[in-house]
């Protein structure tokens, strides 16, 4: 028996020898003395006052940014005692809208919900919401709408109606390691504009060691549909018809298999094939941004909301990465601008009239310059109101993170059109999946042509969109 | 039914029909099998009530849903016939086979996970019967993965496989797959998830196997040893047969479990298009709110699992050595 | 047991080497999680901390500071998991008893009826059950968290398989002696099946503890959340920073690990009782 035990155990051990090697594999150098993440002013929660009307607020933004949501709510609850906002975290953006969908049948809905931009059409289609436009007009507060950042306001306006109150908004940027640029003889203050600029820079920034292994790639790429949408907006090209789904009619067909998309995919593949880019594939944002902070890739696409983490992570990593940001690439004839992503606050038409008033009261309060400045300076999202930039808080934040100004300029590059605003459709989440597959299939060589990969993706997206539209009663 | 009984039943049936039926019923009720049926229903009623209410009622509702396209409230919006089934099984003539491919991938996954999980558990269980001091400590360690949720271990393993932590870079270089992570390559992604799944299931499989081994009477080995049996013979002719009910249990449960696995795919595959069938169900249900399609896929999976389990049961239950 | 002292020594050497090696391999993902938790808020952590003097042990306190309610979540999970476990032990042993000792028509069908419940993906039952629980007003309540899980196809199958390994003669003799069937179950069969029951208990408890979607749907307030739903609040968005999330994961793992250590002794005692002889 004992011998057998040992023999069988040896089989087991050999099966797992891989894992033990894992423990001994080399670790990276790191310095833990860097500055922490942006400090968050702590606002303690307050007790619900006697007789206050309780308003339920579901949100899906977790982690450190979620703490700021909770603190904003606490500030509101402290500021008055008529209403009490009960903020309940719903695990993620996805789960928040899933829970709302499940609640449609049971009537179990919050008074106020934070929903990501991919859920806009679905929220409208619930028929259980009150467009905030109506409330702004009722209370004679259209000046607040006028004060909103145009790109942000446009993002939540469908068919001329502002449906939800913008809350957290960001855009995509090209992050560069300024130190690597200088080292490679490039001028970090001379912006890269076109695809060719980036391809050339990536070549110069790629470093190989004596044995031919790449120690630094020019750029770290990954399959992310948001950037694909950005490229369309930058070139004033719609993702679908009619009018990106933004007009009176809902979107009936995706058209993103266009030359702009083909060019963008080919641009990425060119660098991957040259060995000047590394392809992290679907879900690759975590490794790509980590590689950037560690100086292993000199450029990466990411959200402006990641700026603070990337700055502090780069400091901690101690590889001398100097964080700079540039616009998303554009052809010389491009007339558009980038879009904003993020989430907004939706007021539902369930609950008592007092509760609905409470939800509206919170939204009104949140859309004041001071609150926006607090929110923006603690999170790294845009302030929703332009007047927030005049507050001292915002001025200080911009001084601390001057890169943020580039992001502000980028969404103001062009006048608003339907094509340079994010599209709206009932099958947004699924469409993103289809584009990711097309990108990955083409860049890893599973499908020979970008056009072919995109054509296949559009067909799948449209099948689902058609089915979705057929279930919605107008 | 014994012969006397059947004769009596046949006889009584030749009398006046109504009286005969009553008699037959009485006879039937008095039979031990019938009395056992009554008892069985009584004993099983609490579980049956829960199963019917919370599993089979929704299950029948799903059959209805699968024949419809649903709206955002999850109600049938338009009758769809068996179109979803045809689509899933690639019989709709569109030439798109992604769902059949996912089913195939699920089977590949199960084939990687189930044998490995059971062999590892058996190895560890034998190791845990070694007669040394502090063996309880090791048993606890071997069981510990049961305490870690798939969600938690998924997050941990996602970071283990992430190129940013460099934990598996050596393996990526060794295999020369040409991607930054094991999860990026079609050839290694599924084995990588399988390894994580085996790890996650070790605690459970180990504890069941150990319980089984410990239940084997020690005197069997003692008399075998007196007859000059080797350790291997003891394992082959005592341990394995005596353990067979437990092994059947593990095969069935692990097969069902691995074909139903989705949490780890959600965390490790993220946006990958090529994925297992249950992950497709998850996406249809949560991302697209296609409740009808998700129901149809669930029923296809149910049918597959049922057939598989019946086969496993038929093939093995006879060979399994019950006392 | 051993002919010579050196044979004994060799046996122990090999045994401990294997045991320790297996333990290290099995535990390494947990050490890795700990390592990530202690490296501070960075998007670029390493596998093993490079500087052990700069570990951030305060991260565990930060979890409690940010969400003091985590204690309540753990308590909720504890009540839910205990309730489900006790219920499953009762319903499963009754049904498994019927399946393994009674002789009646439709036995195989009944077994597959129970097993079938394992084959139905949770997406099928989730929404209808949620609507049902919601309609009868069981949201934000322990019964809503517990009742739908009071029967387990897994438990029925496990106990049925275990009962089948027990000597049938014992049952026949007991019945001849006039021992009632339920009494046989209670005073002979269940004590003999302690290892299987303990296994089922541990498994049920932990799988209930680790539930996610059901508690997310049927609880609507922070007070009623269970641990797995609750700790998602530590997952960062826009930041790929994992330290607090890892710390929270380890914290909620701790009660289950402690329970396992305590339960393990029970398991081992049951296992080594050697009750099956004779």
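The first chain written gets the first letter, and so on, giving A, B and C; residue counts start at 1 in each chain.
Just so we're on the same page, a contact is a pair of C-beta atoms (placed from the backbone, for glycine too) under 8 Å apart; a residue touches a chain by one contact, two chains touch by 3 or more.
Given the structure is predicted, the values throughout are model-derived calculations rather than measurements.
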Chain located farthest away, centre of chain C as origin (C-alpha): A
Pair sharing more residue contacts (C-beta pairs) when A-B is set against B-C: B-C
Gap in Å, rounded to a whole number, between the CA centres of chain C and chain A: 37
CA centroid of chain A to CA centroid of chain B, Å: 38
Separation of mean Cα positions, chain C and chain B [Å, integer]: 16
Contacts with two or more other chains, residues of chain C listed in rising order: 15, 18, 22, 26, 43-47, 127, 245
Residue list for chain B, restricted to those that touch at least two other chains: 74, 124, 127, 130, 160, 164, 166-167, 199
Residue numbers of chain A (touch at least two other chains): 2, 9, 12, 16, 19, 22, 25, 27-28, 102, 105, 286, 290-291, 294
Residues of chain C touching chain B in the complex: 1, 12, 15-16, 18-19, 22-23, 26-27, 29-30, 32-33, 36, 43-47, 90-92, 94-95, 97-99, 102-107, 110, 112-121, 123-125, 127-129, 132, 147-151, 153-154, 156-158, 161-162, 164-168, 181, 195-196, 198-199, 202-203, 206, 209-210, 212, 228, 242, 245-246, 249, 253, 256-257, 259-261, 264-265, 267-268, 271-272, 274, 276-277
Partner chain C, residues of chain A touching it in the complex: 2, 6, 9-10, 12-13, 16-17, 19-20, 22-23, 25, 27-34, 36-37, 56, 61-67, 86, 88-93, 95, 99, 102, 105-106, 108, 170, 285-286, 289-291, 293-294, 303, 305-306, 309-310, 312-313, 316-317, 380
Touching residues on chain A, where the partner in the complex is chain B: 1-5, 8-9, 11-12, 15-16, 18-19, 21-22, 25-28, 94, 98, 101-102, 104-105, 122, 125-126, 223, 278-284, 286-287, 290-291, 294, 427, 429-430, 432-434, 436-437, 440-441, 444, 460, 464, 467-468, 470-473
Chain A contact footprint on chain B (complex, rising order): 69-75, 77-78, 96, 116, 119-120, 122-124, 126-127, 129-130, 160, 162-164, 166-171, 179-181, 183-184, 195, 199, 221, 230-232, 234-235, 269-273, 283, 286-290
Chain C to chain A touching residues, read off their complex: 11, 14-15, 18, 21-22, 24-26, 28, 31, 39-51, 54, 56, 66, 127, 130-131, 134-135, 139, 216-217, 220-222, 229, 232-241, 244-245
